[in-house]
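In the two complexes below, chain A is the common chain; its partner is chain B in one and chain C in the other.
For the complex of A and B:
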């Protein structure tokens, strides 16, 4: 008895207690909803059976319906394009800005802080802003492009099936870039200055220093930023709701938006859950990468 | 006069219903400026022991939000709900069957209501609410632009051909003027705007690929392909589209009477309203039937108090036109003059148009039927499918929902 108490106070018992507390929390607030989501993806759940505990099981019917939906292929392509394009540009532009503000010039940290202003705004507000900027008839972006002579007639960003996804990607790059920048800036700041000084003495130029010192030293940070970027991009919903509503004709519908449309516009919660389940599997894969890269970070 | 009826009503209510304790009811509605919200405030201030808390829920979220609340039994007592959504809730027993209340009521007489709104809230012979108001859509047009384009402002387009020709003549890209503004958005608003065109051509929500409907869609597509309407018509709602008309960037607009108040103050030009053009002279007319119904949830603890509010709202139906430019759903009420010349000139047009207004549904699966119709016109207008193909696909989906 005494040994048990000691173990609980400081020892292996205490550690176990902490682990179980965290596990119980995760189970209740993340695990159960996830499991419930998987369950209803195999059930028929509509507007009014939503509240009841048990629903009619339909096997893989919801999955078949989603995969045979004429929109399915388009949504898959859109989701991949949206995610890769957003993450690629958020990361490269964010990295460029991080390197830029890493130079020692007056006000560098100040300006870097200011860049965060966009990121702290709620997604819907950003969406509404871009909605105006991208407007076809009287949008600022069209005005600028027309004035510069880059286009000869206005682009209807939100209403043209060829541009609607690009419109949301543009807004999302702007929205997510500062977050990438700040994480990468933290990574850059962690690289000891004497490494660069030593390399400089050895005659390495800026490009060589970047590829032989900065990039290798940033590997863990980059892995984490990319993984988080993919996860955040797969969660992006507000911009679609505010700018294109997934349209026109589904041309800018991505998986997360489609899931919401099925659940809360058509009230077919089973099919909505199917898409969530598929997305969970993808996100789990990405999370594994994230965990691996942060583990490397602690070893560093 | 208004004060007097109000006081008299309050007194009669106080006498007839013996309410022992003070009761607080909750009501959800799309806007705190809507008639029922204003009436609820007045009703709460009356000495009847009933207070109504009004919560505003965005129109786009109203059904989803209400569903979630109903699933967890945290729904309000009263709701103002868009009429095509009514059947879903009524058919599943979410709303209280008001038949016994209505039979005993001195205020509410179901025979007073137009057939359209009345059928939208009737399910299996039960009465599941009362209409708060009705609306429909018609064609607004800029008379100054008609004159400038050499068109007669006193004979606005009456057929589809005339509408097309007028839109063509009025479109003026150099001055940023489109011929016509409407909404082909992939939402209930788009269905609301497209369905009357399909109905005029002989179709209906359960027969969307009827002969002739593709011509309606072809005409819409011509508006887009020939630049007679803004491409953003695909993604803009009616309120924003009509905003471009008020701003002088569109010469005609299709929308409802809810625009009148804003238009009277914003539009700096001479404008008028006319009936929706028909396919050809003598073709049957059709229009959309819009606006909300008031319903009481079946799980309310105070059905009597809730119903007495519905009676009060019905007793104030005369006010919905002059104060809210919404049209009363009651046949026995004539639209009172508002004092604004243009609005009063529009009134008879909307009254006539309302006679041709048809319900969406009623069907419990309306959102999915509506989605199929939206997919049809959006995929045709963006050139992804031919008009007939798009409508046939929609019909296939609708058949699966109906059977």
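For the complex of A and C:
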């Protein structure tokens, strides 16, 4: 007993206690729910059976129901389109901005920091702002597009099945771009200036310098930013809730929103859990690749 | 082109880019100050006429803003406390050692950081309701959000702890401090900036959280401001000035905090996210 106390006070026991407190917490509120999620995906869980910890087992019934759902294919396509389009534009615009603010001029760093104002806002508020910006009759975006002659009649972004997903993608690009920009700016700042000077002496122009120095030197950063982009995009929920609620007719429903709808709108927690299990496997797969690759390149 | 002209040109471009990017925020404030009819003017009025400050006074009472903001603060404070108290120790240990077990723990924590709340809320809701935690919905929400914020906090704080030389802590031990004494008297004070930035980021996340709150808190009187906003968003809404006034009241404190701490947030964020 005494030795235990001494260890807790002065030895390895102290560290063990600290780390196990956090791990125990995460086990209770993340680890166990992960396992429980798999269990309830094989059970029938509705409002009436909520009170008990274990429910009637139904085998693969929930999985079959989800895969045969008429919405399933649409949701899969939407999820892929939403993720790829968001990540692509967040990344390319973020990279362009990072390159621009990497040039030395007075106030460059300060200006760059301003963009994070978008990133610190609650997702739900961002969604509500874009809901208003994209309004069909009185939205300022429609007004600008009409005045520029880019469209001939207003687009009903939120209620047109062809545009509802694009509406959420636009908001998500705005929301996620600054984070991409900041991370890429850090990578750019780490490239030694002499490399560029040497290349300039050798007669390389700006485009050549970008492709022979910037891109190769940024490989690790770019990989990390893209992986983080996918991970964050697969977490996006608030924008859907605030702009389209997944509608109309499921035209802007993505997997993470569908899972929540099945659980909390249709109160079919078993089917909600099915999608949750599948998507969690996808997210964990992407992040495992991300963690492994960053460790190899930059030692974690 | 000489340096001065180049600088002015770049500065002008930066100004335009920032102006375009921040337009949605400007539009929120301008709309909130318009009259019920001028929000629907065609073409839109880009400058407000006479500012309609009474909209703010009106929604303050009608939309129960004090109650919503209180609940948001309650949840954000709870999340920050739970996350910081439980997470700081772990971050310290993870920064102090390098071995296989630490690597495994780090890997587990990184993996838990990426779990989307909208997917985790299904098992958490079912489990919480069967063990009775949903009788205390705000506490349940705090516990659920903290499991999401803690990995992020640990990663950020670990970076802060790693900048503190081991020798300082060893000197404190030689002077007769216990491990806990050295941690509280030497290490934590030295790392306080990093911990503070991480805690502020967590607080902001808790303040704006939506998924867990809307799923776990059924009682309207206990719901935070994020849900208060969605109550406005019925189909065919017309009161956009009131909604924008609500949004402005909700995010202005966050934006003010961000402007004050911009430099710290940017550096804290970048040190944790990529290393």
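One rule holds in what follows: the second predicted complex is superposed on the first by the 266 of 300 C-alpha atoms of A that agree within 3 Å, B and C clash if a C-alpha of one lies under 4 Å from a C-alpha of the other, contacts with A are read in each partner's own complex, and residues count from 1 in each chain.
Keep this in mind: a contact is a pair of C-beta atoms (placed from the backbone, for glycine too) under 8 Å apart; a residue touches a chain by one contact, two chains touch by 3 or more.
Because the structure is a prediction, the values reported are computed rather than measured.
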TODO: Judging by the criteria at the top, classify the pair chain B and chain C on chain A as clash or fit.
DONE: clash
- [ ] Could you say whether A:121 touches chain B, chain C, both of them, or neither, answering first, second, both or neither?
- [x] second
Task: In the superposition, chain B vs chain C on chain A residues touched - done: C
- [ ] Name the contact category of A:33: first (chain B only), second (chain C only), both, or neither.
- [x] second
Open item on the list: A:206 in the overlay: touching chain B, chain C, both, or neither? Say first, second, both or neither.
Closed with: neither
Task: Which superposed partner A:50 touches (first chain B, second chain C, both, neither) - done: both
Open item on the list: Tell me the contact category for A:265 with respect to chain B and chain C: first, second, both or neither.
Closed with: first
Task: Partner chain in contact with A:80 - chain B first, chain C second, else both or neither - done: neither
Open item on the list: Applying the document's definition of touch, where does A:18 land relative to chain B and chain C: first, second, both, or neither?
Closed with: second
- [ ] Would you check which partner chain A:249 touches, where first means chain B only, second means chain C only, and both and neither mean what they say?
- [x] first
- [ ] Check whether A:160 is in contact with chain B, with chain C, with both or with neither, and answer first, second, both or neither.
- [x] first
Open item on the list: To test your reading of the overlay: chain C has the stretches 127-135, 145-153 or 181-189, and exactly one clashes with chain B. Name it.
Closed with: 127-135
Task: Where chain A meets both chain C and chain B, residue numbers - done: 50-51, 135, 137, 264
Task: chain B-facing residues of chain A, complex - done: 47-48, 50-51, 70, 135-137, 156, 158-161, 244-251, 264-268
Task: Interfacial residue positions of chain B with respect to chain A in the complex - done: 64, 67-68, 70-73, 88, 92, 94, 176, 185-187, 230-235, 244, 249, 367-368, 371, 375, 378-379, 381-384, 393
- [ ] Would you mind writing out the residues of chain A in touch with chain C in their complex?
- [x] 9-11, 14-15, 17-19, 21-23, 25-26, 28-34, 36-37, 40, 45, 50-53, 97, 100-101, 103, 105-108, 111, 113-118, 120-126, 128-133, 135, 137-138, 140, 143, 147, 174, 182-183, 186-187, 221, 224, 228, 231, 234-235, 237-238, 241-242, 256-257, 259-260, 263-264, 269, 272-273, 275-276, 279-280, 283-284, 286-288, 291, 294, 298, 300
Task: chain A-touching residues of chain C, taken from the complex the two chains share - done: 6-7, 10-11, 13-15, 17-18, 21-22, 24-25, 27-28, 31, 39-40, 42-44, 82, 86-87, 89-90, 92-94, 96-97, 103, 105-127, 129-131, 143-144, 146-148, 150-151, 154, 178-180, 204, 207-211, 214-215, 226, 229-230, 232-233, 240, 243-244, 247, 250-251, 254-255, 258-259, 262-263, 265-266, 269-270, 273-275
